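Per-chain numbering from 1; labels A, B, C and D assigned in written order.
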Amino acid sequence: MIAVLKQGATKQQRDSLCEWFKNMGLEVHISEGKYKTIIGLIGDTSKVDIELLESLSIIESVKRISEPFKNANRKFHTEDSVVDVGGVKIGGGNFAIIAGPCSVETREQVMAVAKAVKASGAKLLRGGAFKPRTSPYDFQGLKADGIELLLEAKRETGLPIVSEIMNINDIELFRDVDLIQVGARNMQNFDLLKALGKTDKPILLKRGLANNLKELLMSAEYIMAGGNERVILCERGIRTFETYTRNTLDLSAVPMLHELTHLPVIVDPSHATGISRLVESMSLAAAASGADGVMIEVHNDPERALCDGAQSLTPEQFDRVAKRVMKVREALS
Amino acid sequence: MIAVLKQGATKQQRDSLCEWFKNMGLEVHISEGKYKTIIGLIGDTSKVDIELLESLSIIESVKRISEPFKNANRKFHTEDSVVDVGGVKIGGGNFAIIAGPCSVETREQVMAVAKAVKASGAKLLRGGAFKPRTSPYDFQGLKADGIELLLEAKRETGLPIVSEIMNINDIELFRDVDLIQVGARNMQNFDLLKALGKTDKPILLKRGLANNLKELLMSAEYIMAGGNERVILCERGIRTFETYTRNTLDLSAVPMLHELTHLPVIVDPSHATGISRLVESMSLAAAASGADGVMIEVHNDPERALCDGAQSLTPEQFDRVAKRVMKVREALS
Amino acid sequence: MIAVLKQGATKQQRDSLCEWFKNMGLEVHISEGKYKTIIGLIGDTSKVDIELLESLSIIESVKRISEPFKNANRKFHTEDSVVDVGGVKIGGGNFAIIAGPCSVETREQVMAVAKAVKASGAKLLRGGAFKPRTSPYDFQGLKADGIELLLEAKRETGLPIVSEIMNINDIELFRDVDLIQVGARNMQNFDLLKALGKTDKPILLKRGLANNLKELLMSAEYIMAGGNERVILCERGIRTFETYTRNTLDLSAVPMLHELTHLPVIVDPSHATGISRLVESMSLAAAASGADGVMIEVHNDPERALCDGAQSLTPEQFDRVAKRVMKVREALS
Amino acid sequence: MIAVLKQGATKQQRDSLCEWFKNMGLEVHISEGKYKTIIGLIGDTSKVDIELLESLSIIESVKRISEPFKNANRKFHTEDSVVDVGGVKIGGGNFAIIAGPCSVETREQVMAVAKAVKASGAKLLRGGAFKPRTSPYDFQGLKADGIELLLEAKRETGLPIVSEIMNINDIELFRDVDLIQVGARNMQNFDLLKALGKTDKPILLKRGLANNLKELLMSAEYIMAGGNERVILCERGIRTFETYTRNTLDLSAVPMLHELTHLPVIVDPSHATGISRLVESMSLAAAASGADGVMIEVHNDPERALCDGAQSLTPEQFDRVAKRVMKVREALS
């Protein structure tokens, strides 16, 4: 960490600041120039509150050299983490296709989709029971009944299941869900993250629409700091000025995250684009970029999907995508 | 609402679609062209799920003409709403300066700041007891003890208090807080919004960093749909590519929101800019833009503020800002 | 095109508006509702000035149904365009790897890089002679001498060359350049586009940092309207709030553009990410997404590159990337 | 400037790097830690190419402490610059209202608007002769004839005139234009900036839609490096995800620019919002934020404006805005 002092700083102020740093166990190095004095801090600076430092009157600016996420940081854990989700491994060379309907609607729908996606090679079944919707007047999900239907489909097909949690009070309802999803809108719902950090469940953490990679990793850190290290990250598009697609899929996040962290990284091309016609090409691109998995919406009757139908594939379309994704994986192995 | 049909749509598909619209109580108008058929829908379309419509195979695109927020909509409630917060009116020509520390830290701090800002003309006291911080290692607030200290300051000064809620399970703790703030990161924590819609408390709803005005109004709608119409909106900066300021204050949101909704709109220049030196000019600009209030961070010792010190004013600086804000208000009255 | 009239519009105003539309050769369809009147316009609306319409006092809003780019539009030209660049075909199934140094620096450098990238499978040589730099104090390129060196390398290797033009007065200098690049900062330099539309040169049009796909296509339209239909589009990253990468590569632009236009679309992963370590994964992703080519920066000595060294590959790294890109292409063919 | 070395850097590499810095006349300060070595550079670093440095293999990261714009920098020129435009002073406490039509259309229009805005207090007349339009099929301006009409209006009213240049070859046409505007799309048309730097004309430099403040100042630096120091900056909205307004007016740019540079800063609320109903409130906010002027579109018949009519005020509306803007100025003086 580097702190630049303002021109007017007195020697006494500087000394008392350095004393404070030393008391935090940091090594202090001073470069004194004609116009500026620069203080280099070396040691564990992850717990230094950078905003507090910046607010001091003698400080002109502060810059971290190391990233403030410790548990998620690749530097302190060079091996890829492999997360086991109900027997399916994700990360460290293990690639998983996750598929299923946006919303769980009926037993028939879930069963039909689950069997179809399993046959095409999906390793996990996704399905929304609690649905975050922008409008209070839109369909909000089957809730507990939706979880029940997913569990039935799991018993029938053997596919571990993934579903989104929205409320800290619902954790108990998710006890048999194999991978608990934190949606983009809750990526900084810190109390929910802390509570999930106390569970022993794998967590699928989606990047928020306006959150940078550092914030995504800090949110993973909230979960990991509680003791739960089984976190999978998910890029699902960020909000930009472009309106042809619902969001802008930031695929460079995949190699960048792989550099910054040991956690697995998957991609959700369905929510990222919001357009089913773009899902195939973005799934292939995700696989080529080095992602550890893709999560794709599949509906047996997209015409009548209660939500997000515009971005769902039919089972037939999904079958083609899954096969082509695997071809890309093989070509690059 | 307008729906454009795809070229291949058959007459039968079209008729069955129109039937469905009529069953929802909508008037249907058809314009048939050589290449396109356009269906105009007139009536209460606020409960039509636009994504469902878009997913139908015969639909090319759908466009709302009326906004889907009903309770918050200026069209159905042309008078400005005035929200009474512990005796202080906000909106409809009533302007309020809200001030106080980012975080509640000690009794001495809260009391000193409360008295100072009251003397300078603040009408409400703000203070954070629960703090949403990007890093799990940063100070997270005094929590329940912080609320207690704010209540003491209220008893001492008579200023109604504002504080941020982060957890749906803390609502009871906020029973004596006059204005409950929903922070930017929780703007789409829909379960929290629904729960607040069941209370009789005024709610200060901050715009999310990547949320557009429609989404802000839809979140207000979540609260209002539950029966609580006492919502105050707050512009506090959005996330853009510009990095000189922490966020980009979107002041045109003020007149735009006043056109779209009858709810009061205030501005938080401290969080928007993240730089105390810019707070004065942005407070003046907010007042000139027609905002119904400003919320300003004030700390008696910014050098040692536990969080966000870089954006806090001293009581002396705040006094100057408050006086100049009132001059702008008078000049334009 | 759809126009929604304001509530107060009189029958006379409406009639005169409809008359005006009919005089433009458009079919007019009116849907009259209790609260709104909607006018549907069918025919060639590409030349209607939408801002003019929106400014009329009786108009509430206007929406185009068809896109206003006519020459570039896939609807009116369903076959993929194939652009021939000095004998190398791009588009319609023809994939081209373009490679070379960011800046042309010395004869030795250009020759060494040209030979190396040719050996690895590159079909065109890129090199900057005129360099747009944010700072007036940074290296601005070898200019005419740089073009000369590129032409020498072309004579030596047979690779057609690509270079960026910045000034309308330099077109004559580019008479032997096979593909003239318009950089992101000049995407809306309309006078330059018009002038290039009068030439018979293939044009590589890069998307601006804050330009959406429609604007990119309208800029292509500027060139095509002048008679030059040989335009290749290039996605090279857009500006977002994310700062880990220099820009955010918007790969979903590739399939989206292929849907909207018949023009070839290539991707520049070097400028998009600004980080050489990310170029391989983003090149592979671009190929998998269906791009018609990739343009990659290669330098024989990135340590001493006069500009943008941080994003250049060594010839060895490029060789690996080129081979793997072709593997992805084969796997998906 | 600070450079952080990578862990593996050898002593020899470090010494040769330090030698290189010293040869550039910089003072070099080294802080050696267990994990990192930090080099502080003091002196005139404005001409160091930061990308070149970052590309060296032994460098982990580089950070500027001083801004790389030298002529525009407030640090080296602490007094506000006052730019004289045909006798009208702008900056350093001198506030100017600039007004006129988006496009020059007819003699009658220009004369009528010029007289009206002068009567209401405008100090300069604006008018577009060359119009940058997204579509090649939209009206492109009266060009040289438009300049002639503006000059006539100047002779008639005495108001100095402002008009936008788009082509480096048109500079001679602008010889009698008092303030030459560089539009947002040309903010990084570096050849145009250099050419304008050779003239003795005041330049109004508009911020690009996706350009940060540093880039705006670097573009000013392009003009100033050529010897022309008479630059006025203009904030006119940036591109964000919000679509209710055409762009997002970034008013915090006003105080931030005043801190960074001595150049005058004005605001264009018409282009920023694209909605005439928002122009009054944003003009007032701009004045309150400390801007040195506002530039407002006024049309005598907005119903028939050939472009951008949606954002133009009538002369009556402008009269009210101008009077209220001056009230804000007085209240804060």
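Assume a residue touches a chain if its C-beta (ideal position, glycine included) is under 8 Å from a C-beta of that chain, and two chains touch if they have at least 3 such contacts.
Keep in mind the model is a prediction, meaning the values are calculated, not measured.
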Degree value of the rotation bringing chain C onto chain D, based on Cα positions, nearest 5: 180
Interface sides of chain A and chain B: same vs different residues, half threshold: same
Maximum centroid distance from chain B, chain identifier (CA atoms): C
Centroid distance [mean C-alpha coordinates] between chain B and chain A, Å: 26
Separation of mean Cα positions, chain D and chain A [Å, integer]: 39
In chain D, residues with contacts to at least two other chains: 210, 238-241, 243
Interfacial residue positions of chain C with respect to chain A in the complex: 210, 212-214, 238, 240-245, 248-256, 259-260, 272-273, 275, 277-278, 281-282, 284-290, 324, 327-328, 330-332
Sites on chain D touched by chain C in the complex: 46-47, 49, 51-52, 54-57, 68, 132-140, 166-169, 185-186, 188-191, 194, 208-210, 215, 218, 221-222, 225, 238-239, 302-303, 305-310, 312
Chain C-touching residues of chain B, taken from the complex the two chains share: 2, 4, 27, 29-36, 38, 40, 42, 60-61, 63, 65, 239-241, 243
